[in-house]
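By written order: A, B, C and D. Residues from 1 in each chain.
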Amino acid sequence: MNTKSKAVVGIVAVLLLIAGWWILGVQGTPEGKGPIKIGASLPLTGEAASYGEMTKPGIDLAVREINDSGGIEGRPIEIVYEDDKCSSEGGSSAFNKLVAVDKVAAVIGPVCSVAASAALPIAQKSGVPTLIIASAPGLTKIGDYIFRVYPSDSLQGKFAAEYVFNTLGKHAVAILYVKNDWGEGLKDTFNRRFTELGGTVTLSEGIVQGRTDVRTELTKIKASSPQLIYIPLQPDSGVAVAKQAKALGINAPLFGGDFFDTKEFTTPSETAGILFTIGKFNNPEEFKARIKSETGADSAILTPLGYDALKVFAYVIGEAGIDPQAMQRELSDLSYTDGESQPLISFDKDGDLEAAQFEVRVVKSGKSEPFEK
Amino acid sequence: MEYLIHIAVLACIYGILGISLNLVMGETGLISVTHAAFYGLGAYAVAFLLVGFGINFFLATLAGMILASGVAFAIGVVFLRLKEVYYVLGTVGSNVILFSVLLNWNSVTRGPLGIGGIPRPEIFGFRFSENEAFLLLVLAAVAITYAISVLITRSSFGRVLNAIREDEDVVSVFGYSVYHYKLVIFTIGAAFAALAGAFLASYLTYISPFSFTVVESIFILSIVVLGGLGSGRGALIAAGILVITPEALRFVGFTPDIAAQMRQVLYGLILILLMLYRPQGLLGRFRI
Amino acid sequence: MKTLLSTRRLVKRFGGVHAVDHVDLSLEGGKITALIGPNGSGKTTLINVVTGMLAIDGGDIVIDSVRLQRIRPSDVASYGITRTFQNLRLIQQMSVLDNILLVLTERNIWGALFEQHTKFHLATAEEILKKVGLWEKRNENAESLSYGQRKLLEIARAVSMEARIYFFDEPFAGLFPEMVRIVSGIIRELRASGAAVVLVEHDMLLVRELADYCYVLDSGKVIAEGTPEHVLKQQNVVEAYLGK
Amino acid sequence: MDIAAQLILNAIIAGAIYSLLALGFNLLYSTARFFDLGYGAMSVAGAYVAYTFYNLLDLSVPIAVLAGVLAAGTLGFVVEKLVYRPLRARKATHTVLLIASLGVLIVIQAVISIIFSSQFKILSKDVNLEPVFNVFGGAITQTQVIILVAALLIMVALALTLKYTLFGKAVNAIADDEEVARVVGVNSERVIGVVFFVGSAIGGAAGIATAFDSGIYPTIGLPLLLNGVIAFIVGGVGNVYGAVLGAFALAITENAAAWFLPGEWKFAIAFLVLIIFLIFRPQGILPK
């Protein structure tokens, strides 16, 4: 390596570092008059990218509607999207940038609990109000600037256990769950509540995210002869389980979690008849049509939540301005009623949804509808 | 400014990983695709000891480095006897198995829920809670790692490693027990990977098994490849580039959902073009 | 002089072929022994077996009256054996000086890590490199040397081992006359120091000039042994070379 | 339902897909002599092209499968020509080729997730009317039977071509020794190009079978590849029948272990099998 090309490489490397420094450093935002910046930390790459792709259209629609009607007291809203890659490093990087460089007034997301656990301490320390969608139970306890527009897993697991035991009358259940924070959380809370009620869990099997050949696990479950199989899985393994359970002649009903309310899960014909719990959100047809016409995307479970999160922030900023403490106070005793996803959005002392109820839906002819036992 | 410090801390952590893997892969030619597992062992040791027992950060880091070295020694004893291609596959296997242990040993690692609430380092009453202070600490760690790597490469031990990289049989005929040399450098590399893991855990205050997969090992491997074999400085600069460019790309005008994938395309292309036109990377002393 | 190394009915098989077929030879200190024979007669294979590069399939090797069925490459140096390679195996992307220092410095890991007396080794290396005329090129990488210079470097590397038994595999091939003179001088010095020198060579003039004893190999067997004059006259040796 | 029969059927279905992966990989490795990580991306590309033809353009299954297989093959051929051939011409070491193929895997997977988004896709329309056969008490669907038959056909076809056709002899010659083959008059560049086409096409078939059987997402390339590699090593490097045997051995061990241990250990078990073979029987079940 003669010295000349070594020098060239050295200079290039240094230039690159300086350029990086310059780009990152300059980007301050003028206070007062300019657009109000609100951050959105979503998973845009990796296996969880589909969650980001679900949430974004809701936020886009809300921003367009707010800005078309003159923004908040004349100031338009600007959304800064950051990819948190559903990882702890990604969450930390996304929030560090949103808080320190973009100096956003508030943040929507993250959607994944892994990213949230690393990111939220940053938001709390810098006092940036955050509306998260990630559902791991302990997240809102990280600080008083953290609020959640999506019910925590502990509620959903408990609700599912009670519904299966009391309403469906099934007392011997097997569990097949995905080994990530969401799946583990639901399994634990379901298990605890179901055994409290006197039910027995015949078998509890975890599968790694993204695995789609689950025939042997299902064979094992069938051998434990459950009356029902609780499957808090993601759409990919969910469809595979539906398909392979039918093939293996397992006729025990399948009961899933909230991520089954996606087009990806409901369209394949194998999933017809599968029940799943979901936050009692409405995803009204009219809203779906607006999303389709404005953004071209199909509205899924997280789309109305993204929409409402931004609308809540717009409402709060309208009331209290962009001073963090004022926004925090406004949020803690908020009772927002014209949300798309749920009739009433208000938070308990921890920052979780107060009026979080769940409903059970069933997959039918490519879509899902409320299930009446 | 705060954000630059954040990136600088991440760049330093990956710098330590790059330097340590360069010792194993750059100097000695041992491609190790399990470096992220040692990185994870260091992180989980610190998380477990700090959160569980409130042990001082530096003691916990030491424990993490010893744990990782022990595991690395065991892996090395088994795989360093095998033919080169099988050794590489053996390391991939160990990474998958160690990741599965982190993911499934719920009682210790809390499985996919990960371990949160990891405190920042504290010594003589001063806690490195501000990022600026933490950056100084991690810079010191990088300096120590770099110094030790220079000490190793400049010594006769380093010269033997470079010779092993090129022609093992000749080195053994002249009286060196090549197997033991490989074992020692493999273990040293693992110890420093654990050091990086300790800093990651304390900096992010939360870790989950998903940061220590085979894909992460491949990322660390490409830092050494970009930096050039046999160059600690090259590994440091490459770590800086590979950490900063994705962050800088957050500012380039791609629409958000494309931007993220474009980063992957760019990153893949760098690897291909490097191999085609500059196999010795930026500042490498050796061609691969 | 004492026999430093001998082989008893040594065998090396590749599949069915006997590359080394029950060979008995003995190497005395202070003597130059030539191994001659047509190409493919098993000379290099024999050296590779004795220096631990290839496993022993039959018979054994006796060193200091200890019979060995297995020699690991890393043990070879401890038995005081060293060698050069027919097809040159230097550390290409390493400097000439480092190629020599590699064989001078501490072998155990702890020692190698915390080596103090490199000044002593530098002096030895300088002396040897000067002897083969490569001292000026000491900082260049081995790969940038000419073929002849690389041959000299390999010989210098072997010499700096200060071993008891040297195996030189065609050391003179491709050397200019001046270099041949240097190498012959070195080989004579080694003999004078009491070491056993084994020479694989095709140039009969050199064999006559240097060798004290000869073994002639043909398809793995020793077909003749003795002083060069005695051996080169024998009928079967001439036939082996000129073909039946 | 007879549990044992079902477990064996599960293993046979998984084994069929693994054997396709292993066969394709075996073909590439034995001629090009390096671990082509890009092979994983070929299976994913083939599956997504088939998805486009079948689900989006509503064409019939045979056309979609054919399109997918041809697309994967062409992609393999193009990648070999653009990336691997120049590297091999320059006598690059297999490490360089390994890292370049890693770049290929990353780029192709990223491009696919840009085009198709990273959501999960499955190739099936009307499963309700899909007949399920009962074999000794175990259940197997029509699609799975088709996959099994297709896999067997491809295996036999490959074995025959390698044994009796001119192309097959050229491949074997290159597998033994590329230099000698070239001396004897085999145009090794062109043959290796065709080998990459055939190997990637088989990889594409495996990807399509996975898409029909259980579904795909852009980053499934690496897990598919690793399964193929394990089967390839366990079966015996460079041996067609060995690859198939290794595939079924891996599938049976995996399914048996999944029966006794909790499911989350499945991927780790596959690698445990690999490591055991690497140590005790690196030449695999059926050495070349």
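The rule is simple: contacts are C-beta pairs under 8 Å (C-beta built on N, C-alpha and C of every residue); 3 or more make two chains touch, one makes a residue touch a chain.
Keep in mind it's a predicted model, so treat the numbers as computed, not measured.
Trainee: Determine the shortest chain-contact distance, in steps, between subunit C and subunit D.
Mentor: Steps on the shortest route: 2.
Trainee: If each step moves to a chain the current one touches, what is the fewest number of steps from subunit A to subunit B?
Mentor: So the least number of steps between the two chains is 1.
Trainee: Averaging the CA atoms per chain, pick out the one whose centre lands closest to the mean of every protein CA shown.
Mentor: Answer by centroid distance: B.
Trainee: Based on CA centres, what chain would you say lies at the far end from subunit B?
Mentor: Measuring from the centre of subunit B, the most distant chain centre belongs to C.
Trainee: With chain centres defined as C-alpha means, what is the inter-centre distance between subunit A and subunit D in Å?
Mentor: Computed value for the inter-centroid distance: 35 Å.
Trainee: Suppose each chain is reduced to the average of its Cα coordinates; what separation in Å results between subunit B and subunit D?
Mentor: That gives a centre separation of 31 Å.
Trainee: Can you check how far apart subunit A and subunit C are, centre to centre, with Cα atoms defining each centre and the answer in Å?
Mentor: Result: the chain centres lie 72 Å from each other.
Trainee: Could you please state the distance in Å, as a whole number, between where the Cα atoms of subunit B are centred and where those of subunit C are centred?
Mentor: Using C-alpha averages as centres, the distance is 43 Å.
Trainee: Can you list the residues of subunit D that touch 2 or more other chains?
Mentor: If we look for residues of subunit D contacting two or more partner chains, we find 113, 262, 264, 267.
Trainee: If I count partner chains per residue in subunit B, which residues reach a count of at least 2?
Mentor: Within subunit B, residues 103-104, 261, 264, 285 contact more than one other chain.
Trainee: Which residues of subunit C are in contact with two or more other chains?
Mentor: Residues of subunit C never touch two or more of the other chains.
Trainee: So which chains actually touch one another? I want all the pairs, not just one.
Mentor: A-B, A-D, B-C, B-D
Trainee: Provide the residue numbers of subunit B that touch subunit D in the complex, in ascending order.
Mentor: My answer: residues 31, 78-79, 82-83, 85-86, 88-90, 92-94, 96-97, 99-101, 103-104, 214-215, 218, 221-222, 225, 258, 261-262, 264-265, 267-272, 274-276, 279, 288.
Trainee: Mind listing the subunit A positions that touch subunit B in their complex?
Mentor: 1, 6, 9-10, 13, 16-17, 19-21, 23-25, 27, 42, 44-45, 49, 52-53, 56, 81-83, 85-89, 92-93, 96-97, 99-101, 113-114, 117-118, 121, 136, 138, 179-181, 183-185, 206, 208
Trainee: Please name which positions on subunit D make contact with subunit A in the complex.
Mentor: 1, 3, 6-7, 10, 13-14, 113, 117-120, 122, 124-128, 132, 139-141, 144, 210, 213-217, 219-220, 223, 254-255, 258-259, 262-264, 266-267
Trainee: In the complex, go through subunit C and note every residue touching subunit B.
Mentor: 51-53, 72-74, 76-78, 82-83, 85, 89, 91-94, 98, 101-103, 105-107, 109, 111-115, 118, 157, 161
Trainee: With touch defined as at the start, can you tell me which subunit B residues reach subunit A in the complex?
Mentor: Subunit B residues touching subunit A: 1-4, 6-7, 10, 103-104, 106, 111-114, 116, 200, 203-208, 210-211, 237, 240-241, 244-245, 247-248, 250-251, 256-257, 259-261, 263-264, 280, 282-285.
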